[in-house]
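You will see subunit A twice below: alongside subunit B first, and alongside subunit C after that.
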Partner chain A sequence: MIACVAVVGQQNNPLFIESFTEGEDELKFHYIVHCSLDVIQEKVSNPKKTGSAMNETFLGLLYPTEDYKVYGYLTNTRVKFLLVTTDQDVRDIDVRNFFRRFHAAYVDAVSNPFHVPGKRIISKAFTERVGAIVKSFGAPTT
Partner chain B sequence: MLAVESLQNAELFTLTYGAIVRQLLTDFEDVDEVNKQLDTMGYHIGIRLIDDFLSKSNVTRCTEFKETAEVIAKVGFKMFLGVTATVANWDADGTECSLILDDNPLVDYVELPETCQGLYYCNVLCGVIRGALEMVSMRTEVKWVRDVLHGDDTFEMRLKLLKQVPEEYPYKDDE
Partner chain C sequence: MADAPKKGTLRAAYRRAADIKPRDARTWQVSLNAFAFLFSEMVQYNQTRVDNIAELEHRLEHAGYGVGLRMLELLCHREKGNRREVRLLGILSFVHSTLWKSLFGKVADSLEKGTENEDEYMISEKELLVNRFISVPKDMGAFNCGAYVAGIVKGVLDGSGFPARVTAHFVPVEGQPRPRTTILIKFSEEVLQREARLS
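Showing the complex of A and B:
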């Protein structure tokens, strides 16, 4: 079950944050996303330590808490996608797929000539697409 | 291979057009003025495009307006935008019809913000058709009646023939 997704810009400014669980404190997700940004910063500045290639977009599991797991994805333009999930057994391939589709939706949203880069994403179509991607997360694929 | 290349060119075209519209909005700030400007731009494109179209498409002279509309929809749109339109809703005289576009490459990724709800984003297309037809002796009026960006389900232009200006020959027949 995905709890929350977020898009954070180059200056760590929030561009999009959407939570998918009812009754949860939205502020809590803001806080979790914020903490995850520090982890991303660490991973980015220590590439040798993590052992991954310099241009790897998928950052993997960033921040496991008691209830949640946070996964990160960094685009070449330093825009970060964050996924907060409550699932205990999450397959790596599922998360990678999720981020791939999320990235495609993000690219379409910023191609809107009325979108101002660096400002919040207000596209309704983007919100709908993200909702659809979230719904189909973890669905058994053939 | 050709399809992929043309797809990438189409994206550049879409993004360029989006940038033009944005710039016009910044320069003029008034949505109605921008609509007029887009139409004027389209007109200037149309009066030049018609020669390109006629030389490349090898269509014969149209005998009546109905044929003209069909040629625009099927050949013209296909050649320049890569999509075909359908002609529908003819009036009794055969001087007015609708051109319906299900697919419009100009509006890929576009969502109008609340401040620009009166904007006819694709108004340039109206100008293009108007300009092109004027160069072949037809005075027309073209405007949008349905627009996907305004919430409708498709793009529909109303094309109306105002006057057919007959060609004037510079010399008189002797007999």
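Showing the complex of A and C:
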């Protein structure tokens, strides 16, 4: 179950944040996403310590809290995608697929000439597509 | 953008940018005539709203900037095995081959490093596609509509985290009636410092 997805811009400003569980405190997700930004920063500046390639886009599991796991993805333009999920057993390949489709939706939203780069994404089509991607996450693929 | 007009290009252009498969994207063509017409209208539109040449160049560059930002997102998404560019030479070769290929259908003619300064690089082209049907009147001095392409390059560089000043210049070549166009890229201080730290 995906709890929340977020898109954070180059200066760590939030561009899009949407939570998918009712009854949970929205502010808590803002806080979790904000803390994950620190982890991303650390991963990006110390590649040798964490063992990953310096210019890999998928960052993997950022940090697990008591009931959430946070995954990160960094694009070429320093825009970060964050995924907060409550599942305990999430396959790596599922998360990679999710980010791939999410990246496609993001590229479409940014290609809109009326979108101002650096401002929040207000396209309804983008919100719908993200909702569809989230719903099909973790669906058993045979 | 290429020479032969393709049937139904305008309608096909409404397909979603990220839905176009990479295989199709490489052979995607928009008619040159349509683009030249649109570009000439854009130049004329800006010309009536400015007082001097520098302002006109600035506006064209600003128009290209938005294109550059979006092209960067799109190209990085389509490329398989994509890696984020962190080195200077990496991003320059990305601009020189991948960006040029997707915009103009061919790689740029040459990429050179400036001799006087460490932070200058030049991409040259015998004839910029956008300038093909444009001849600048004498009283406009050194104005170059390639400022639009300079804006695109600036957008791509800024988006990847390499702030730079990009300008377009005419460079006369002996033995040829029309001068060559050069895009001059001057990187800012922080880029050079970072590059020195990484190497």
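Brief remarks follow.
Throughout what follows, the second predicted complex is superposed on the first by the 142 of 142 C-alpha atoms of A that agree within 3 Å, B and C clash if a C-alpha of one lies under 4 Å from a C-alpha of the other, contacts with A are read in each partner's own complex, and residues count from 1 in each chain.
Criterion: a residue touches a chain if its C-beta (ideal position, glycine included) is under 8 Å from a C-beta of that chain, and two chains touch if they have at least 3 such contacts.
Computed from a prediction, not measured in an experiment: that's the story for all the values here.
Legend: residue contacts after superposition of the two complexes on their common chain; A:Ser111 is shown touching both subunit B and subunit C. By the touch criterion stated above, A:Asp94 is placed in contact with neither subunit B nor subunit C.
In the superposition on chain A, A:Thr77 contacts subunit C only, with no contact to subunit B. Residue contacts after overlaying the shared chain place A:Ser123 against subunit B, while subunit C stays out of touching range.
Of the two partners, subunit B and subunit C, it is C that touches more residues of subunit A.
In the overlay built on the shared chain, the residue A:Glu18 is in contact with neither subunit B nor subunit C. In the superposed model, A:His103 makes contact with subunit C only, not with subunit B. Applying the stated touch rule to the two superposed structures, the overlap between the subunit B and subunit C interfaces on subunit A comprises residues 108, 111, 113.
Residues of subunit A that touch subunit C in their complex: 10, 53-57, 74-78, 103-108, 110-111, 113, 117.
Contact residues on subunit A toward subunit B in their complex (touch as defined above): 108-109, 111-114, 122-125. The touching residues of subunit B, when paired with subunit A in their complex, are 14-15, 18-19, 21-22, 108-113, 116.
In the complex of the two chains, the subunit C residues touching subunit A come out as 16-19, 66, 69-70, 72-74, 76-77, 82-86, 159-161.
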